[in-house]
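Each in structure tokens, the structures are laid out below.
Two complexes, one shared chain (chain A), two partners (chain B, chain C).
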Partner chain A sequence: MILTPLDELLLFSGATLLVALILGRGLAAGWMVTILYGGQLLTLIKMAALGYSDTIIHASINFEIMGQSLSWRFDALSWFFALITVASALLSSWFSCGEWERSFKQHGGNIWLYHSAMALNVFTMLILLASGDLLSLFIGWELVSWAGFLLMAMAGGVATRAAMRYITYAMAGGMAVFGGIALVYVAAGSLQYEAILTAVDQMSTTQLWMLVVMFGSGFGIKMGLLPFHLWQAPAYAETPGPGSAFLGAISSRMGLFAILLVLVKLFGIVNIDSLKIPFTLIDARDLLAWIAVFTIILPTFTAMKQNDARHLLAWHGIGQGGYMLLGVVVADAMGGAGGLLHVFNHATYQAALFMAVTAVIHRTGTSDLNKLGGLVVRMPLSFVVLLVGIIGLAGLPPMNGFVSKWLVYRSLLNEGMPLLFLAAVIGTLGTILSVYKLIHNIFLGQLRIEHEQVKEAPWSMMVPMLILAAIIFITGLFPGIPLAWVASVQEVIGLPVTDYTLGGVESVSGSLDMIWVIGVLFAGFGIGAVIFYSAGRSKRVHQLDNYAGGHFLSADVRYQYSDNFYAGLMHLIGGWYRGSFLWLEKSVTSLVDFISLVMQGLYRRANAEFYLLSTALFVIAWVVI
Partner chain B sequence: MNEHLMLTIALPLLGAFLLPIIMRSSLAMGVWIGPAILGYGCWILGNLWLHGNGQPFSIAIGGFAPPIGINLYVDAMALLFAFATQLLGLIFWPFRLDQDTPKRQALMLLLVASSTGLALSGDLFNLYVFYELVAVSTFGLIAASSSGAAYVATIRYLILSGIGSVLTLFGIALIYAQTGTLNLAHLAQLAPDQLNNDLGLAAFLAILIGIGVKAELFPVNTWVPEVYATAASRLSAFLAGLVSKLAMLVILRLLLLIFHQPEATQVILILGILGVISGEFAAWRAKDMRRMLAFSSIGQLGVIFIAVALPDERGVLAVLALSLHHMLIKSGLFMLADHWGGSLDRLRGLAATSPLAGGLFVLFALSLVGMPPLPGFWAKFTLITELAGQTDPLYMIGLLVFLLATVIEASYLFRVAAKMYQTKPTENVRINAPDSGGLSLTTASLFGAGLIAVTVMVSPLGEALQAVAAQAQDVDLYIQTVLQQPLGERQ
Partner chain C sequence: MAPMELILELTLMPLIAFLVGMMMVLMMRRIAAKIQRRVGPPLLQPLYDIVKLHSKRTQISHGLIHDIGIIMAMGGYIAAETLLPVPGMNGIAEKGGIITLLYLMMIPSLGLALGVGQCANPNGSIGIARALTAMLAYDIPLVIVIFGVAYAAGTTNLVDIIAQQQAGGFAAWGAVEMPLLAIAGLIAMHASLGKQPFEIYIAPAEIATGPMVEMSGKYLGGLFVMQCFQLYTTSVLYVSLFLGGGTTWFDFLLKSFLVLAIPVSIAYLFPRYRTEDLLRLMWKWPVMLGLIGVAFVL
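Moving on, here comes the complex of A and B:
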């Protein structure tokens, strides 16, 4: 039997898992696993033709179980997501090797569990991405959910609670998908993609609505779409450092993958567009777009209020997912490209940001934004990585986040959706404000006395961070590289294909060439530098060689302003934070609790015979009447 | 080979009566008798399964051909459950030695004999007799094996079961008054003419509620939590795993052969849905491991009832798959929980002291919530695709309730799992996780191994079950096999 490249990839990934399971306690386990991730990446690169065409590579294994055939294959969509998955696993794993691993063990962490859980996550994600029919998609979906649970729960304590919340949400999502699959099976008589494609045309509006709701909410839960977003931030944030970088980069994008596959490719965005909501002017597609927009705004402004760097980033992860969905739902060439490109871009800067924050935690022991500050003088490289990352996250040039967000905005304007555009811009505003809080409270301002001796992060952490920072910049300069893959993905899922160049996109409604944009930007920097250096020599002073309010400063005087950040803004918008979703979640929990109480009461009653007799009488009376 | 089949019922019955006498004279010989009988029973049934031609056959007892004489009907489904009975009887054999041993072992043999009879019997009255025998031996076992709390629970169970029996008898009497026969095949023949009316429906409902006491049917299952929580774990495992399924089997058989009224399935469906809701929600709040398992068992049986209400062959397949799966899982879980009584908080940190027990619990829980590729997933997949295909909106409600119940189930099972894997104890709580006794853990591992074996072989097993379901569904085959058998094959 000749192995196809996909077989090789899955075998490689399975082998990585085995190595982690068997040797995960060993000395150089981290390095071994990292090298194996590298191997997976090479196998993926061997399949690179997928990213530039619409060919398909099948796996040799397929099963026939209880009348269902299961198969696995890769196309451009799978390959694009797999590339991000494996690359972020490689870099996160690299980041965790050496010093982080040692300190994790010293603090009582289970490094074997960590490596195994990571390898399991990658393996199950690849299985999900390779799914060749709806049943294998569901199998992969559940595997990914539970693997994620393992990684989130492993830290114990708060993390376990967050993971429990996650798994309840994930189970609810999984069951919605399961129900949807049953309905599709009945409608199409099979779970093969081809059969579903033909069956969709014959479906009634009610059927299609039910399917869109079930699949949309099921997959949406994994993406953290409103109103199912509450689980995500704590669950990702409390995962051990590199794990959170990995999860933040790709995990919830599995939801987007499934939405692209099922809602966009199989059901077709046109069909979704035809589902009108009675008595309103909007249809299912508008509904999705507005959900996406609120997913951008609300979590982003929640992020602004976080005082823990990891939580802040994790909340942004939810919000950025909204841009991706928004772009895909707009579904023209530019919007689709923007949404898909944002998956790639987000993975790069989110991983970099989580790593930078983990590096800070590694050196200082805290990620509390009120207990840090001034670290730029001690950890300059980490500062640079974080800076690059937040520029990407905020969507400003010259980093890659700008390109994808620009495409989404542009498409909203082109398609005549100014309200959505406005809302998306409000979201970006919140992003900019909150990432400034992040970098200011960690790196700028006054260095705390207890951090005087802090050193730069070790090279085992620094190298993957710098690689990511480089990727963020390079794909910002040459967005054509990922756009080539994105174009193939668009073709595979049946969206209009964007016309890309190395520096951006070509379009009659507005082109973008990042090479020019960045050229102009750096020219501006150059002018600034000329002015700066021509102004004469500047003098370096110690941070305490300074004064404020007419007094000299000493180390015990705190002049960095971090607590109650944006007090003025909060005065204006503070009333909007009502915790409505928390209230909703709590009321659902209380409802379940109440019903449980009633049901238990039912069984606690002593006079069971009474039930029996009354039921018997009741049913017999029912029969007679 | 076929004539040996009688022995699977007769030998345990004989053993049950002789055991106390033999034990009095020689304990050493006595303790081996029970396992030997059950082992022999397994061998007979296993042989039948392997060397039989796959065709059902009927054995007339006492020299009279049915419908006048009584008979055993052996098709693949009956054989499967009879085999499971003998095997589980062997696995859960009460070998503990004390002054109650003869009593307990005799009752266990009686229970196995009557349960096997329940699976094989082809006659309504015979079914009733075996059903009563099951009930009596169960009361005895619960009372003989455990504490004061168990006595109280037994009394409650006794009263409920007694009323149930009366109702069942009433239903049977109605049928007899209408048709003049109690042979299932003969009834199946007569049913379209004589029982397809309100009287037939009333009879069925009376029987349903009566037998439903054992099958954990919704309003008559209030005995379940107390009994399972207080009886010996091995017994709870046998009751929850097997006896409830046998009662379910009887109901399924009656439904397939005799009662084709849509109202009958509707009642089952509604009660099943209520069972799922009540069981799973009650389990969500349970503070004690075995009570939680008992409630979850009520919920699972509710799911099986929903499957029973499904009309065609895939419905039967779903019933079989869900029943066998639940049999495997609940037996394993009850064995694990053998020493896990008391507050759930006692389980904190258990996985550190006993990794195998923790791992098994997670494995069982995953399969119970239907995590692919474990067998629970395939059973549930069969169920929901079948449910979604029905036109009656009630089935859609069943589907939604089932999905919701699964979420709740996952939530409470994994709350326990998370507790087990918690390493850092909170203040004031010492880690004093209970030890999972060696033997019960071994038994649970056996079920875990079985579960993994099924996972690997799910494809051939699924096909085999499909054949079993098709055979069980075939009413004409049943009638033909029982009533037109040449005289020569009688024993």
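Moving on, here comes the complex of A and C:
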């Protein structure tokens, strides 16, 4: 039997898992696993033709269970997501090698569990991405959910609680997906993609509505779409360092992958567009767009209120997912490209940001934004990585986040959707405020006296961070590189394809060429530097040599402006944070609690007559109605 | 276009912007003087100021990021000017478009924010927190306005937007076709300049000039240069969006100076708003006007 490249990839991934399981406690385990991730990446690169054309690579394994055939295969969509998955796993794993690993063990962490959980996550994600029919999709989906739980829960304490919350949501989502699959089976008589594609046209509006709601909410839970977003931020933030970088980069995008596959490719945006909501002017697609927009705004402004760097980033991760869905739902050439490109861009900067924050935690022991400050001189490279990352996250030139957001804005503009456009921009502005607080409170402002001797992060951490920073900048300069992959994905899922160039996109209604934009930007900086440095010499004072309001300040006086950073803004909008979704979640939990109490009460009361009576009543009611 | 010609344009555009910007600073000071019944500074005062600030003996640097912040503050605008068409020169306006321009215009403030951050002066940080909040306030009406104009023109290419207005004559000017958007844009533009009553982030009496508190010598000089560019960019952008750009340099400059004179005159008549009042004002009136304006456009 000849192995297809996909077989090789899955075997490689399985081998990584095995090595982690068997040798995960060993000295060089981290390096071995990292090298194996590198091998997976090479296998993926061997399949690079997928990213540039509309071909399919099948796996050799097929099953036949109860008349259902299960198969696995890769196309451009799977390849694009797999590339991000494996690359972020490689870099996070690299980051964890050496010093982080040692300090993790010293602090009582279980490094074997960490390596195994990471490898398991990658393996299950690849299985999900390779799914060739709805049944294998469901299997992959459940595997990914449980693997994620393992990684989230391993830190214990708060993390376990967050992970329990996650798995509760994920199981509910799994049920919804399963229900959806059952409905599809009833309607189409098969779970093969081709059969579903033909059956969709015959489906009634009610059926399609049910399917959109079930699949949308099931997959939406993984993506952290409103109102199912509460689990995500604490679960990701409390995962140990590089694990959070990996999860933040790609994990919740599996939801988007499934949405793209089922809602966009199989059901088709046109069909979703035709689902009108009675008594209103909007349809299912508008509904999705508005969910996306609220997913952008609310978590972003929640992030602004966070006082822990990791939680702040995790909340932004939810918000950025909204841009992806928004772009895909607008579904013109630019929107689709923007949404998909944002998956790639987000993975790069989110991983870099989580790593930079982890590096700070590694050196200072805290990620509390009120207990840091002034680290820029102590950890300059980490500062640069965080800066590159936040520029990407905020979506400003010259980093890659700008290109994908630009595409989303442009699509909203072309389609004439002012409110969605405005909401998308509000999200960006909120992000700018929030990330400035992040960088200011960690790296700028007053240096704390206990951090005077802090050193730069070790090279084992620095190298993957710098690689990510370079990717963020290079794909900002040449967005054509990922846009080529994105264009093949658009073709595979049936969206119009963008007219891209190496530097951006061509369009009659306004083009973008990042090579020129970045070129003039840096030329401008150059001229600025010439003006600045040709003027008189400045005297560099020590970082702790400061004064404020005419008083000399010594380092033992705390004067970092960090808490309630945007006081003026919070005067106005502070009252709008009501925790409504928390309240909603609590009310659902207490309702479930109440029902289970009632049921328990019934069950424990060994009263035969009562059972008889209630059963009889139920039967009568059933018959009558 | 010949490469040499393009390079010439890319050099000239920021240079002209700087010279015009200095004259705008002069006009601003002269208006202030007129309102306060003073004589006001002479013609070359802005130039004298820049030279003086750049040649000061004592200049305190709080570190590399402090320096880079100033460089970014100047450089961001220098880059932005090449995306802003002027009569006879388009630079690379067609390669970026209006959204890119809007984002490039944010870079100077963010560079400044970084630089101020490293100064480790709480007054500076408070000033930046307020400045970013102000940005959140005025950018929301501003993007509504930009959306309206770009949608009406069917393009984000600033060259085309100007060409369409000039082709249709006065009746096709943005301000005539979309008066509500023009008013909203004017209010947002006023706030974006950070002049009274919207100068809460400088507030000398409260936070000792906020972001500028640690800026001495060439640092303040850099900010002065940035202000020249800012005045120019803001007013020229407004002229391009609503007043048909310029066919000749004469009417181009006349329009730009006149547009700028409006917020500047108002500025010296009013006290300042608090941050939350600024947010409330910006999110209410210009946003409402802008949304109604967009509704007309759609």
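Methods note: the second predicted complex is superposed on the first by the 607 of 625 C-alpha atoms of A that agree within 3 Å, B and C clash if a C-alpha of one lies under 4 Å from a C-alpha of the other, contacts with A are read in each partner's own complex, and residues count from 1 in each chain.
Rule of thumb we're sticking to: contacts are C-beta pairs under 8 Å (C-beta built on N, C-alpha and C of every residue); 3 or more make two chains touch, one makes a residue touch a chain.
Just so it is clear, the model here is predicted, and its values are computed rather than measured.
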>> Going by the contact rule set out at the top, does A:103 touch chain B (first), chain C (second), both, or neither?
In response: neither
> Given the touch rule stated above, what does A:527 touch, chain B (first), chain C (second), both, or neither?
Replying inline: second
>> Tell me the contact category for A:603 with respect to chain B and chain C: first, second, both or neither.
In response: first
>> Just to be sure I read the superposition right, which of the two partners does A:4 touch: chain B = first, chain C = second, or both, or neither?
In response: neither
> Who wins on chain A residues touched, chain B or chain C?
Replying inline: C
>> Between chain B and chain C, whom does A:156 touch in the aligned arrangement: first, second, both, or neither?
In response: first
> Looking at the overlay, what does A:517 touch: chain B (first), chain C (second), both, or neither?
Replying inline: second
>> In the overlaid three-chain picture, which partner chain does A:62 touch, first (chain B) or second (chain C), both, or neither?
In response: neither
> Can you list the residues of chain A that touch chain B in one structure and chain C in the other?
Replying inline: none
>> Quick check on the complex: what are the chain B residues that touch chain A?
In response: 156, 159-160, 163-164, 167, 198, 201-202, 205-206, 209, 213, 219-220, 222-225, 263, 267, 277-279, 281-282, 284-286, 295, 366, 369-373, 377-378, 380-382, 384-385, 387-389, 399-400, 403-404, 406-408, 410-411, 414-415, 418, 421-424, 458-459, 462-463, 466
>> For the complex, give me every residue of chain A touching chain B.
In response: 63-66, 68, 108, 135, 138-139, 142-143, 146, 149, 153, 156-157, 160, 163-164, 167-168, 171-172, 175-176, 178-179, 182-183, 185-186, 592-593, 595-600, 602-603, 605-606, 608-609, 611-616, 619-620, 623-624
>> Which residues of chain A touch chain C once you look at their complex with the stated criterion?
In response: 373-374, 376-377, 383, 387, 395-397, 402, 406, 409-410, 413, 416, 418, 421-422, 425-426, 429-430, 432-433, 436-437, 439-440, 443-447, 503, 508-513, 516-517, 520-529, 531-532, 535-541, 543, 546-549, 559-561, 565-569, 571-573
>> Under the definition above, what is the set of chain C residues touching chain A in their complex?
In response: 10, 14, 54-63, 65, 67, 70-80, 82-83, 92, 94-100, 103-104, 106-107, 110, 113-114, 117-123, 125-126, 128-130, 132-133, 135-136, 139-140, 143-144, 147-148, 150-151, 154-157, 160, 200, 208, 217-219, 221-222, 225, 274-276, 278-280, 291, 294, 298
